[in-house]
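Next come two complexes built around chain A: one with chain B, the other with chain C.
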Partner chain A sequence: MSLRRSAMLAAAGGALAAAAILVWKPTVLVYGVQRAGLYAAVAIPMALVLGIVHIVNLAHGELLMVAAYLTYFGATLLGVDPYVALAPTAVVMAALGLAIYNLAIKHTLKAPELNQLILTFGLGIALSQGVNLVFSSQSFKLSLGYVSASATIGDTSFGVYDFAFVAAAFAIGYGLRLFLTRTRFGKAALAVGQNPRGAAIVGIDVNRTYGIVFALAVALVGAVGSMFLTKQAIFPDVGGPYTMKSFCLVAMAGVGNITGIIYCSLVLGVAEAAINGLRGLRGWSDIVFFAIIVATILARSRAESRR
Partner chain B sequence: MRRLARFLGPLLLAAAAILLPFAVGAYPLAVARTVLVYMALALSWDILVRSGQISFGIAGFFGLGAYASVLADLHASLSPVLSILAAGAAAALVAAFLGLAILRLRATYFSITTLALAEIFRVVIHNGGDFTGGAEGVVLPKPIFGGDSRQLYWLALGAVLLACLCSLVFQKTRLRLALTAIRNDETAAKSNGIHIFKYLMVAFAASSFIQGIVGGIQVQSLGFATPESVFDPNYTLLPLAMALLGGIYSTPGPVLGAMLLGVAAEFLKLKIPYGHLVVYGIIIVLVILFMPRGLFGLARPDRPSAAKARSLLRKGGGEGSSRA
Partner chain C sequence: MRKMLAVFACLALVALGGAAQGAIKLGANWPLADVSGLECQKAAQLAVDELNKAGGVLGRQLQLVVVDDEGKADKGVAAIEKLVTVDKADVLIGGIASGVALAQIPTLKKYGIVTVATGAAASATVEKALGPSPDSDFYFHLHPWDYNQGQSYADGWAAIQLKYPGLRVKKIFLAYEEGAFGKSSFDASKTIFGSKYDFDGASFKSALSGGSDYSGVLQAAKDFKPDLFLWAGYAQDALPLLEQSKALKFSPPVYLGAPPAWPVDFGKSPLAENVMLYGMWAPSINAISPVSRKFYDSYVKAYGGPPTSYFAALAYSAVNIVAEGIKRAGGLDKAKLIAALEATKYSSPLGETISFSPSNVIKHQGIRNQKILQWQNGSQEVIWPFEVQSKPLVFPFPAWK
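Take a look at the complex of A and B:
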């Protein structure tokens, strides 16, 4: 009951905030939603890995960056659009994910959780610095005509291209949910996530499931990386903040709540856009996610102590 | 006799370290100073790791200390040496305050929050306007001791000795038992009457204190600070790799790792200006996969106490053997 009430309160508060922002600066809402789409699209694969393999992949943002580089060179060499390169990139990234799982992560699953954290941290460094070694810290950017498409409602005009990320977030989020609840493999993966030992007893190959789920998550990040390239300049450190923001969203939505991430990312995206919209506070938007993490933690621990 | 040998090694090493400036030229001395800075950070990180909490926030508290020192020097006209102490105090205070919230977190949640810390501190300093110097940073009138390389070296060595001392205190007193218990099984530790939050707070504040001091020393030695230079993620990455390679949960481990990797870092930096850090990423991955106890862990046989406990368990039978 109280859960339902707090959910309703949150929804009402959100609607009120949205209305206030709409009156104050409609573009903030638009850009916030667009930002949220990208954040959610990147965060959902991390939630998948955390929910089923029970690993926080600190190389998550770096994998996004690697996929963007792959797409950049694939697309420019072959002279095709990043969206054409999206599927091949996802396949290559899936192979990379499978390799990372089998060569590294698999061997730390039985070790303390902290070993896995340090391992993926080292992996992230190796990826970003490896790219730095090969391509230097120079940034690459594609200039595509369609990303500057805009629309005008009343007397405010805004870019519409970034709604593609919102669509991607919904597609990934609800697609994954369907996959996990409707397909045989998905159900097996959920079972493994809930109880690996029990799943093994009923004949599910836990290790194989982990490997495929990890590869799937990396492939999804790879696809988002291809989209990421259409809009943003890429450089070796571009992925780092996305690891932290993704984790922030996963923690906020609660482990296992994949579609909840979409709504949590709205809070983060709109809050960041709102702070960017205030002239004096522009530089501070990067710490919004930290404030959200701390607030979430405190709220959680209070709720737990009350129980 | 064996006891004497155990003390003799570290003492000889310390004596050699103190006398080093008389033996080598300016460049090796500068390299050695950098190694010492990372060594102190690696030691400080290891103190907290013993409680099972991995901090990725070394650069955060290092940079915080650096800025605390510079600002205390410029705005409160504290003497450089005092400002370094103030840097440690500031870092410890901020750690204690943040610890009220983030030490409720465990494992992953704690680690990622600390990973964000360096970024948060950087943003705060970056947007601090004239008080912090903003994006351009601040320049001190002159480095501490007039930039004399020998004295700078001894200053950094002082930080390492402080860190070693602190690490030994955490190893030889009951703090070690408490932190190890928390690391191994928090519930069991709690039911044995260990005040978990208190011990974590002590470890977190102590390790941040050292990181703050080292930050103060580094910035006073270089004579300038910018948000990008003092919150450089390398100050997290290198100490972490050093402690892991040398062997965590020990004092000699981080020292050994820092000596090996610190010298290697200098060499690599000259050979490969871009991306030489890839080596550290790879080292971290390999150490975790193939020797989680590090080099020192390979060399160190099972602790006699652990072996004794195990044989007791074997003899004891009953519930003891079923658990072992």
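Take a look at the complex of A and C:
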């Protein structure tokens, strides 16, 4: 079976499933797409780091949490909206990312992958415990009127604010794509990601590229962290589950496949929302999430082994 | 020889005298990374400082030794071992999570040191493991068991409906987080309310476990059209649940939350107005209880802000109950101390006098009632019991604008 035919079949299956869900419970599709937006927006920066720096950043969710705390205190102290605090937070997070890269990540690039995993895992624990020490486990949440924005179709009302995350996911995904394919630095970063030794031979500063890409990814996850604060209560462990989900999405989509992450997020988000719409099965959403990931990875491995 | 004996006798007397002047050690365990646990430590230390400033207990100073149980069963057991064998605690206090308390019980029974517990509500596990008298007589349980809480809610809602005839509760929907806390809340509520009310419920994934979408459970609740909507989750769920309820235009006549603690500044949100809650203590009790006022003022003065959960008041009460018990017992003799604690009549910051009487299983159960409160103008106001009511009930919960 050709790859194009498989893709067409998958698209047709997806369209059929979406139509069936629309007939069954239209809100499931709405909430599924919204979830997908959040998952993709968080996961794409992780894919960027994995695709170019070749590091699995297990502190990814914790960096999201740190950015949300920064935004909370910035917004509270200055009396501004989190969206106003988003850009300064991203800049601070970029500086933090650059510091983390130079102080820690850089020194493990040639070490075994396990060392890199342990390093970022430890960094994640240090960040969450550090925040816990300073702010305790008390949760913080901003009360923002626009978060409850809703639409009503017939008798059904549903929240529409979370479409902001869908917009963010597309903006980050396609923005990065443009950046990597249309700019000189982006092209250099892609070259470093594909062949660091070759890139170094042609004069690209690999270490500098890694540092900037890592800082860019942390800045992006920082910006998403600012948005995340508008929706959720924050506490020291809030980022952990997003590290896991982002890692799974990256694994499902394939290393560095940013567009793939958007599609995979859509499948997982809608599947989770569908499970949530079924009474008595709500506790199964995590199982379904991971079952779909395992099935996808197995199917892809089989397809690749046949090629 | 006689001189030597006299010298030894003098030395022994001096040594005994020195021991008699040593501090009375209260060993405690709480999860210190958790804000409720941290507040317990602060409130207990506040009580110890107040007692020491007033001359101590029987002329001896109190010393609080706290070990962080991290909310984990193994750490909780290790905490008891350390407090008893290394710190030589004379009395034990503390605890929040039922899982930690359950794991500690064999160790507590091994040492049999008098214990005043501030947490643990799970009767099916903790109370069962404690067992009946006399094996569990060393254990004084302050916090109500889950069935005590359920019964007090049932009594409270029955009384509220009598006093406010315009409020009629026939259908109750419980949205519960899918972990052990939520599931046990659902089971207990179903037992208590299932026979009297049209009762239904559904689970949601708490933000504490990585959840963020409550639309499924809220839609199920909206379809059920409950008179009373209750959610059992954590502080992290409080505002997002309200925000999504507003987005779904779901506004039941009674909107009630039952998290162990509320988020900082929850009361400042306009969405919080007229949300109801369960609890044991709130600053509004200051208006009717001088003990609560004293506790609140001292806490704010010492730590710069008020406690956010009722556990702080429980920890403060535990220290004072132990101190009064030691005074009545005239020392630390175990049998005398147990008898003295059995005679406790402590006017607590909770707005009620705490005494101990048998529960379904153990001999020494302290508090039995939770209170029904309501957020009004940013404060938690007591609605029931009516004898400690601080503001009249506002109902129905207003429709979303």
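To be clear about the criterion, the second predicted complex is superposed on the first by the 303 of 307 C-alpha atoms of A that agree within 3 Å, B and C clash if a C-alpha of one lies under 4 Å from a C-alpha of the other, contacts with A are read in each partner's own complex, and residues count from 1 in each chain.
FYI, contacts are C-beta pairs under 8 Å (C-beta built on N, C-alpha and C of every residue); 3 or more make two chains touch, one makes a residue touch a chain.
The shown structure was predicted, so the numbers you read here are calculated from the model rather than taken from an experiment.
**Student:** Regarding the shared-chain residue A:273, is it in contact with chain B (first), chain C (second), both, or neither?
**Tutor:** Second partner only, chain C.
**Student:** Touch check for A:247: first (chain B), second (chain C), both, or neither?
**Tutor:** After superposing on A, A:247 lies in contact with chain B but is clear of chain C.
**Student:** Classify the contacts of A:159 with the two partner chains as first (chain B alone), second (chain C alone), both, or neither.
**Tutor:** In the superposition, A:159 contacts chain C only.
**Student:** Using the superposition on chain A described above, determine whether A:283 touches chain B (first), chain C (second), both, or neither.
**Tutor:** both
**Student:** In the overlaid three-chain picture, which partner chain does A:233 touch, first (chain B) or second (chain C), both, or neither?
**Tutor:** The answer is second: A:233 touches chain C but not chain B.
**Student:** Just checking: does A:143 make contact with chain B only, chain C only, both, or neither of them? Give me first, second, both or neither.
**Tutor:** second
**Student:** Under the stated touch criterion, which partner chain does A:132 make contact with: chain B (first), chain C (second), both, or neither?
**Tutor:** Both chain B and chain C are touched by A:132.
**Student:** May I ask you to decide whether A:114 touches chain B, chain C, both, or neither, giving the answer as first, second, both or neither?
**Tutor:** A:114 contacts chain B only, not chain C.
**Student:** Is A:183 contacted by the first partner chain B, the second partner chain C, both or neither?
**Tutor:** It touches nothing on chain B or chain C.
**Student:** Jot down the residues of chain A that show up as touching in both complexes, chain B in one and chain C in the other.
**Tutor:** In chain A, positions 132, 136-137, 241, 244, 283, 286 sit in both the chain B and chain C interfaces.
**Student:** Give the list of chain C residues in touch with chain A in this complex.
**Tutor:** The touching residues are 33-35, 38, 178, 202-205, 207-210, 212-213, 215-217, 219-220, 234-240, 243-244, 246-249, 261, 263-266, 268-271, 308, 400.
**Student:** Contact residues on chain A for chain B in the complex?
**Tutor:** Listed in rising order, the residues are 56, 58, 104, 107-108, 111-115, 117-119, 121-134, 136-137, 236, 241, 244, 247, 251, 283-284, 286-287, 289-290, 293-294, 297-298, 301.
**Student:** Please give the residue numbers of chain A that touch chain C in the complex, ascending.
**Tutor:** It is residues 27, 31, 34-35, 38, 132, 136-141, 143, 145, 147-150, 152, 157-161, 231-233, 235, 237-238, 240-242, 244-245, 272-273, 276-277, 279, 282-283, 285-286 of chain A that touch chain C.
**Student:** Any idea which chain B residues touch chain A in the complex?
**Tutor:** For this pair, the touching residues of chain B are 49, 52, 54, 56, 101-102, 104-105, 107-109, 111-113, 115-116, 119-120, 123-124, 126-127, 237, 240-241, 244, 272, 274-278, 280-285, 288-289, 292.
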